[in-house]
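Note that chain A is present in both complexes that follow, paired respectively with chain B and with chain C.
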Partner chain A sequence: MSNDTIVSVEPAPSALLDSASRARPYRMKRYPFLALVLLAPLILFGLFGPQLNLHNPAAIDPANALLPPAFAGGDWQYALGTDHMGRDILSRVIDGARSSLIVALFGVALAGMIGTLVGMMAGFFGGRTDEVLMRLVDIQLAIPPILLAVLLAAVIGGGLTTVVATLTITFWSTYARIVRGETLSLMQRDFIALARVAGASRSRIMFRHVLPNLLSSVVVLATLQLGAAVGLEAALSFLGLGIQPPESAWGLMIADGRLYMSQAWWIPTLPGLAIVMTVMGANMLGDWTRDWLDPGLRRL
Partner chain B sequence: MLRYVVRRLLFGLVALFGVSLITFLATHLSGDVTWLLVPMDASEAEIAAVRQRYGLDLPLYQQYAIYLQNVLSGDFGTSIKYNTPVLELVWSRVPGTLVLAGSGFLLALMIGVSLGINAALHRGTRIDTGLTLFGLIGQAMPGFWVAIMLQLVFAVSLGWLPTGGSGSFRHLVMPAIAVSWFSIAAFLRLTRSAMLEVLDADYVKFARVKGNPERVVILRHALRNALIPLVTFAGLNLGALLGGTVVIESVFAWPGLGKLMIDAIASRDYPIVQAGVLTTATLVIMINLCVDLLYGLLDPRMRNE
Partner chain C sequence: MSAGTIPLLDVRGLRVYVHTKDGTVRAVDGASFKIERGEALGLVGESGSGKSMTCQAIMQIEPRPAAVIEEGEVLLDGEDLLKKSARDMQRVRGNRIGMILQDPLSSLNPVMTIGDQLIEALRLSDKTSKRSQLRQQAIVALERVGIAKADQRVHAYPFEFSGGMRQRVAAAIAIARYPDLLIADEPTSALDVTTQHRFLELLKDLKRERGMSLLLVTHDLGVVAGTCDRVAVMYGGRVVEIGKLEQILRQPRHPYTRALLKAVPQFHGRRLERLFQISGEPPNNREDLPGCHFAPRCSEVDQRCDAEYPPTVHYDDASCTACWRLVPEDET
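Presenting the complex of A and B:
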């Protein structure tokens, strides 16, 4: 009976909750508040940009080159200033947002489809299929993403294809690894055994019974990777391997602005802030989605 | 333990083989690579001669066998632009990249881990909030942009450090910080959560009850157990760090593999790119191998998996 006293030493639940909430003051519980605040300007400008009567992002105006942003003594007509060719930085950042986000979403989605399929097959069939597919994952992890892009760019040249291919090849393996693990544990569950007994075909079990149970993990992973994808795209465009000049992209703007930074600090700085806001917003949205949909993935 | 080592070595070899296959196939993605080797106005006969000289008229698997054989005997081909053996060019740049990646890694480890420990020890206070926020923002900042911001502040405005180049310690400061930036933030977050987990453990309480000084409790009892996830991450992170040097080297004109490769793309010098990627991937695989072995030493349970 003397053992009982030791058991009761556990802290009261309220104390546990309290210290947990104090540890993360920035994370709202129910809604991803800060993530939405960070992403709001992007979404709003993306949707209502055309109504705002902004300058044409590609319009060159040498008379108004290198104007400072409004908060640094410039004119509100060019709220974020102009670059070396007199192009409006605000409208270029907004225009760049569109191409960056579309490319990142596309790459992550493509990687998600391939990775999910591979991971599901590895977990479902096991044995040699599993071994081969997982070795492929190991190989992919040995090549840093930027190098992959460099290799592709050396052969097919830079551009949209190179970026999307790099994003896809970079991110598929994470999905494959996670989905494989989830599939393996799903295969132990009773409903799969019952589906087998009921005479369901392999493809029916895979796509009707296993896949729907994987979707929340896949959605969480996709959100978590979105930020990384935006960052990678920016780096590739910065190196000239990604989105090409007539288009606007944040990485390109920074590469251009670098040459003029001694006269106009705002040209490389502002697009970078847009990247930081987007990536941070996407990362926090990913964290929130994970906590909400799939707390088991927290160790990632 | 021996079985574990042999298994890991085999994995490494398979990965290396796969990487060589990828670098080989990538150059054949565009179909015929002959056009990369001949001048624009080459005649039919010249093209045929080039094809024969480089063995491009052979079936793909034979070409790969020859490529592998050449690579294994140290022949990575000839640079199209410089017309010198690629191996020499690549080899001369390896130290530059290793110095940059190594100092970036050390910086990230020292700063990131100590900040992470501090955040965990001051859990829930303003110090913790500030450091956690720094970690969140730091992880969202692209390395190349950090590099340019550093140039803007310390080279252009203050004039303390050179904008680029190499040769002295002063040249290394900004590139090393830029390379390590993301990892500092990542190590901070990881160390914080790993430390929080072990600080509550019974053996840490026991070490304290025994009357050990707090320093010993933290460093010998808590940190050592928090190291396991950190070592895994450090290994994965070194690969990313090596990839990151590619971009940072270009910003600071640092003479490493990355700069060599990016410059080679402009002149379509694909043998250099091929050899550079293969070399870097080999470095990553060797690092991961070491990490796996270290992991086995730190956590005996891993050896039996």
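Presenting the complex of A and C:
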């Protein structure tokens, strides 16, 4: 063997090493940085909005109608401009964040609790219980959410309660289905049989062994649905079924602003951006949560 | 094993039927056997012979509502477990009878630490001790089953353990409350041979030092040979032969046991002989056959075999068979 061959062979292993070091082992992000950046405005303004001492979001000022935002030639007194009635868009977006936050959190939390309980019981007890509960889910899935909101609005009037009720009724069935499936597969696992064999009671197995194993799916679904809930709330308010004026909501602002789109693009665009940021942030938070809740990935 | 004393476990004529939409499967079709105190009984048989279903029926964790215990008695210290209320049965599980299952990967709850799972098992019978005391007991239990650095490992999650270690943890949980009987349903099938050997040694040690009885379910005669005192052979939901380990391995009486032993690979010199196969297929236990379940595959059938199920012939306390060939002609 000549020296040349050895030299020509040499680079191969080092190239291999290089590619190995370039292909980094999967590392979980410690914090969901981007998701938090996107969601921070919603959370901060939702919590501290009233303390910021801005314009009254409902105050009408026809003299200052349709002012552009500061970055598009307006002045800083109305940083994000005004709408057709001269209301301050910044304070309305912030005020809308509060109703979005409350509505989305309540709706998703209520739906999650009901759906998880129903799904777990269906999967755990099986048989007739399962049959009845899952048919309820099927019935629910046959009702379009918007129609349901119209019906609720007709019965109890539009507003926060209607939106929360609509969200709860719309979303619980998804939890029930997913949780039932997970419960069924968990019930096949040996550790459930062994818990029975160890003499654990049914409620103990359900709440100590089944529920904790479901939580990661439920939490992931909840964060993902947070985005969907914000979207649905906006849609309902847009249609006039949700939050009622003079309260402000993003969907309502878009509905008002769409008529002035050609003259004042900022009226529907800015609340629209707020919706996009929130939904995207919630989805990213959902993905991160799924990784974080997996004990196998957490310790990497 | 003197006559007159009550055996620890006495299963009599146990029948478990599985009702499916294609008909009823007689998973266990009249199985009977006894386990004395401190004794290890091996329950062997091919897949579908009803071994696991028998164990589940003893614990009453058979897959309901499809499987139903139709008939029989499961006497623990002379008390029929099948007559006990659900609440009383809950007290028997874990306290009197422990259980290990085949798959160590799914035997432990993935979201609870090893220590918490052991503490939970201990807590079910000990409502008064402090958590720290139970944690200490858990560490001792883990050390006993050969987990190194147990004081650190109690905080670990199951995924951090290998299969063999998880099976050890499962054993630690099963014996945490000093049960009289440990049912091990194919505990080593998922382990490699070395791990398997060490785990069986552990079971033997535990049995010896605690005077615990062992019901070891397996299809591996090698496992039985190293661990058990007596062997019960199941076929088609029935126990066809019971005997001392030596006798079963050296002088099997039932034709099925003989065929089973012939099907174990033997190496004579350099030439490998073609492995013996039992011809035919295992019974599906659906049709109601009047005769012996093994008759269609048996090489020694006669006219009595198809007519009626053979009576059980007892030789002594420890052994019996159910085969017409072993019933003298004049008795019928």
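Please note the rule applied: the second predicted complex is superposed on the first by the 238 of 300 C-alpha atoms of A that agree within 3 Å, B and C clash if a C-alpha of one lies under 4 Å from a C-alpha of the other, contacts with A are read in each partner's own complex, and residues count from 1 in each chain.
We adopt the following convention: a residue touches a chain if its C-beta (ideal position, glycine included) is under 8 Å from a C-beta of that chain, and two chains touch if they have at least 3 such contacts.
Being a predicted model, the structure only gives us computed values, none of them experimental.
K.L.:
Touching A:190, do we find chain B (first), chain C (second), both, or neither?
P.N.:
In the superposition, A:190 touches chain C alone.
K.L.:
Who touches more of chain A, chain B or chain C?
P.N.:
B
K.L.:
Just checking: does A:141 make contact with chain B only, chain C only, both, or neither of them? Give me first, second, both or neither.
P.N.:
Once the two structures are laid over each other on A, A:141 reaches chain B alone.
K.L.:
After the superposition on A, what does A:198 contact: first (chain B), second (chain C), both or neither?
P.N.:
second
K.L.:
Touch check for A:155: first (chain B), second (chain C), both, or neither?
P.N.:
Once the two structures are laid over each other on A, A:155 reaches chain B alone.
K.L.:
Touch check for A:101: first (chain B), second (chain C), both, or neither?
P.N.:
neither
K.L.:
Can you pull the chain A residues that chain B and chain C both touch?
P.N.:
None.
K.L.:
Which bits of chain A are touching chain C when the two form their complex?
P.N.:
Counting only chain A, the residues touching chain C are 127, 189-191, 193-201, 208-209, 212-213, 215-216, 295-296, 299.
K.L.:
Residues of chain C touching chain A in their complex?
P.N.:
These residues of chain C touch chain A: 59, 61, 65, 90-95, 97-99, 101-103, 106-112, 120-121, 124-125, 157, 159-160, 170, 173-174.
K.L.:
Give every residue of chain A touching chain B within the complex, in rising order.
P.N.:
19, 22-26, 135-136, 138-139, 141-148, 150-156, 158, 227, 231, 234-235, 238-239, 241, 251, 254, 258, 261-262, 265, 268-269, 272, 275-277, 279-280, 283-284
K.L.:
Which part of chain B faces chain A closely enough to touch in the complex?
P.N.:
11, 14-16, 18-19, 22-23, 26-27, 29-30, 33, 123-124, 128-129, 132-133, 136-137, 139-145, 148-149, 151-152, 156, 196, 236, 239-240, 242-244, 246-247, 250-251, 258, 261-262, 264-265, 268-270, 273-274, 276-277, 280-281, 284-285, 288
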